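Note that the chains are named A, B, C, D and E in the order they appear, and that numbering of residues resets to 1 at the start of each chain.
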């Protein structure tokens, strides 16, 4: 079928990073950019799910939940090391284009909420107020004096511009966060960003900046930050790297709209601090200083997020950029 | 061709194009509907999303409803200003002054902040 | 397309709104009934203007006033419901009858 | 009476311009983000449409399919009906005496479209995105209405063709700068584009459009781009003198000016971050409304003498 | 042609008006009411009241969206997922409304409506504008005061924290 092949020619990729395997994610992002694939922000618009690294058990469960939401024709790519990225992504269009295979493997069942799926043992287990197997939202008090429904939203691992492997469970009333708990899903061993070297330090800051700019809705500058990060890592000489970095830093720092949107949350100060850290790191490429260890961000996050609305909460998480 | 017949014909054409898209998707797409959980970035929903959503800007809706009623008078006013002279302009801007008083009061009371 | 047909439609909308206003327990649904009644008035206003007195613009002004009254009534209704919900955590008409003699 | 050629020309022109806007945006986005060989992205919208058509239908748990379908379908139909009053060069499809009010009414229909698209799928991210569009509507609608009324005041008529003809001396965009700026902001807000794409922003995984499956996503995207095209095309008769221009005939001038405004709106999309509604709403009410009222006072005084 | 349009719009208006109180989901009730208003807007267009027709469509879409926001916020089961009826003394209400309809219908059919005086002006909107700015100026000023009173009243009633306890002075 011409249409399926044409569609498979440039699929839409949903990338999922695994904590500790950032190198694989960087290689995958570079390859997706080289191939010109579209980047999906949710399973509904994705046709290929790219898992960068070997996820632990709970992260794998979250990835499977997202994978079940991807409609076919779909492809699931598991990357274990940066070397295998090019080959693995090269044959994705072939798997997407073979219509009979996709039609055979297409899932058509309907999702049942877990609680209802379990066999009911006795009447004790019956959930009060459950409708079609899922509970109705409960009410809770609010700073505004209106007792209205609270939704429990996990901002989890499979989300655009989100730190790898982090999951924040927020209790949200309307779009204001009432309470939040943050945790890393199976935090693994040594982190890719902890190795010494100014290039690695600058790349770490640029990666965090890309996420912050993406959450702030400035996708063009987020991609430029990622380009700079990859250039810093693969040894571009300082002569070409520094002017590009200073131009990027000046444009982002001077944006009045960005300052207006991130003022008052402490996000703008942190953004400027990261920009300065990047430019100084790139200015002295030889000093072997590794990335300074982060203070306990996960502990302070819940108190920072309570009372903020969702957009501000996402900006704060992207500004702090917790690492496992 | 009668104008509103043309408009209804265009609306019909739009509807026909949209049904054609759904029909084409039925023909070329993979068969069978996939029943999925709502996307919560990998998490499992604990309750229905359709709930009593606590909108934080409800005070603005009330001020908007009241302020919007002034638009009703301004559209015809725009037509008659040229012929009725300064009387119409003075009248309308008195009317607008009243309403801006209301907006100022709402701002001072913090109605435009998220509750 | 006669005056009687328009007025019958207005009467029908008015009585459906009246049924809704009388039978609903929740204040917000009661306001939906009131909206429907004002909807009937708007139809009647337009029909009277067209069939009885198109020369003067009084019919049109009546429709403007009806639309404005509907919006202001909605704004005040929601304010009352919000205050009631905050004070008494319920929006049912049965709980809001303190003024009843 | 409507000449038949306009009824055929309008959908064709809208379709071509929508496709042009989509592929122009893909190329602009690739260029702005420094991607290699941005020009190859010209057919991204076609690939996306193909992906949408071959995709399997998808239904979220306990969703209200009727309302979400009504929401998705309303967007392109509202764009088409809003374009009905715009003059294609000399003649519009519907040359009504209240063209401006009709245009305003049809673009308010997008409020219902995006809220329903958010409410339909029973998904929390979509619900948050749908409500964000209502907050955005409450912020941009009043300055937008004042800008349209200022234009009608300057022309002394609510008929779009007469508004275009009333600018033969000096374009409204020149001597009503605040109204033009407010209109461009509301043009972005109408199509929830660029800095005003908060309802479909990436921070809630493309908000109201998170659960849209194949054909729904295609119809929603076409509707959104068509709205952007209609908003840009409406700026021509309102502020840029319609088809008037020295050498070229009227329809060509209308097309050129529409493309210029469309290019500016697309470029703004990649040049600015997204505005959050809790800050933009207060700004709109406290700064944009008084500014557009002052602009209207100036225009009223000019019209008087 | 116009008669067919009239009957189609009239029947849809009343049907969606009845549906408002029949459907379970509050969102569907609100959009049924919006459909009824859109039909009335169409009817006004049929009556050559172009401005008022477009105005009703414009204003009612915004008001029904605001209505939907409040319906969903305060109603017990906004999406109608749990079938429940919120009706009290339904029979009595039905009786009264049918009686009212019968009385109105009788009044409509029996009274000899006066013949039409004067012809509709070529631009009713212009006539409306002149009326509002001229003889009907008191109407506009009165409504202006009512709007101001509504703004202040609704802000007083609905906001929980006033200007004295601003939480995060920005």
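Just so it is clear, a residue touches a chain if its C-beta (ideal position, glycine included) is under 8 Å from a C-beta of that chain, and two chains touch if they have at least 3 such contacts.
Worth saying up front: this structure is predicted, and the values here are computed from it rather than measured.
Taken together, chain D and chain E share the touching chains A, B.
Compared with chain C, the chain whose C-alpha mean position is the greatest distance off is A. Here B is the chain whose Cα centre lies closest to the centre of all protein Cα atoms.
Between the Cα centres of chain B and chain C there is a gap of 21 Å.
Averaged Cα coordinates give chain C a centre that lies 33 Å from the centre of chain D. Mean C-alpha positions place chain A and chain E at a centre distance of 46 Å. Within chain C, residues 64, 67-68, 71-72, 74-75, 78-79, 82, 85-86 each touch two or more of the remaining chains. Each of the following residues of chain A touches two or more other chains: 1, 3-4, 42, 44, 69, 71-73, 106, 108, 110-111, 113, 131-132, 134, 136, 144-146, 148, 151, 153, 159, 174-175, 309.
Counting partner chains per residue, chain D shows two or more touched chains at residues 53-59, 61-62, 64, 96, 98, 101, 119, 122, 124-125, 131, 134, 141, 158, 205, 210-211, 214, 278. Touching chain pairs in this entry, ordered by label, are A-B, A-C, A-D, A-E, B-C, B-D, B-E, C-E, D-E. Per the touch definition, chain A reaches chain B in the complex via residues 1, 3-4, 42-44, 61-63, 65-66, 68-69, 71-73, 99, 102-103, 106-111, 113-114, 131, 134-139, 142, 144, 146, 148-149, 151-159, 162, 167, 169, 173-176, 309. Of all residues in chain E, only 1, 45, 51, 55, 59, 62-63, 66, 69-70, 72-75, 78-79, 81, 123, 125-126, 128-130, 132-134, 137, 140-141, 143-145, 147-148, 150-152, 154-156, 158-163, 166 touch chain B in the complex they form. Those residues of chain B that touch chain A in the complex are listed here as 28, 30-37, 39-49, 51-56, 114-115.
Chain E meets chain A in the complex at residues 73, 77, 81-82, 160, 167-168, 170. Taken in their complex, chain E has these residues touching chain D: 25, 27-28, 31, 34, 50-51, 54-55, 57-58, 61-62, 64-65, 68-69, 72, 79, 81, 123, 125.
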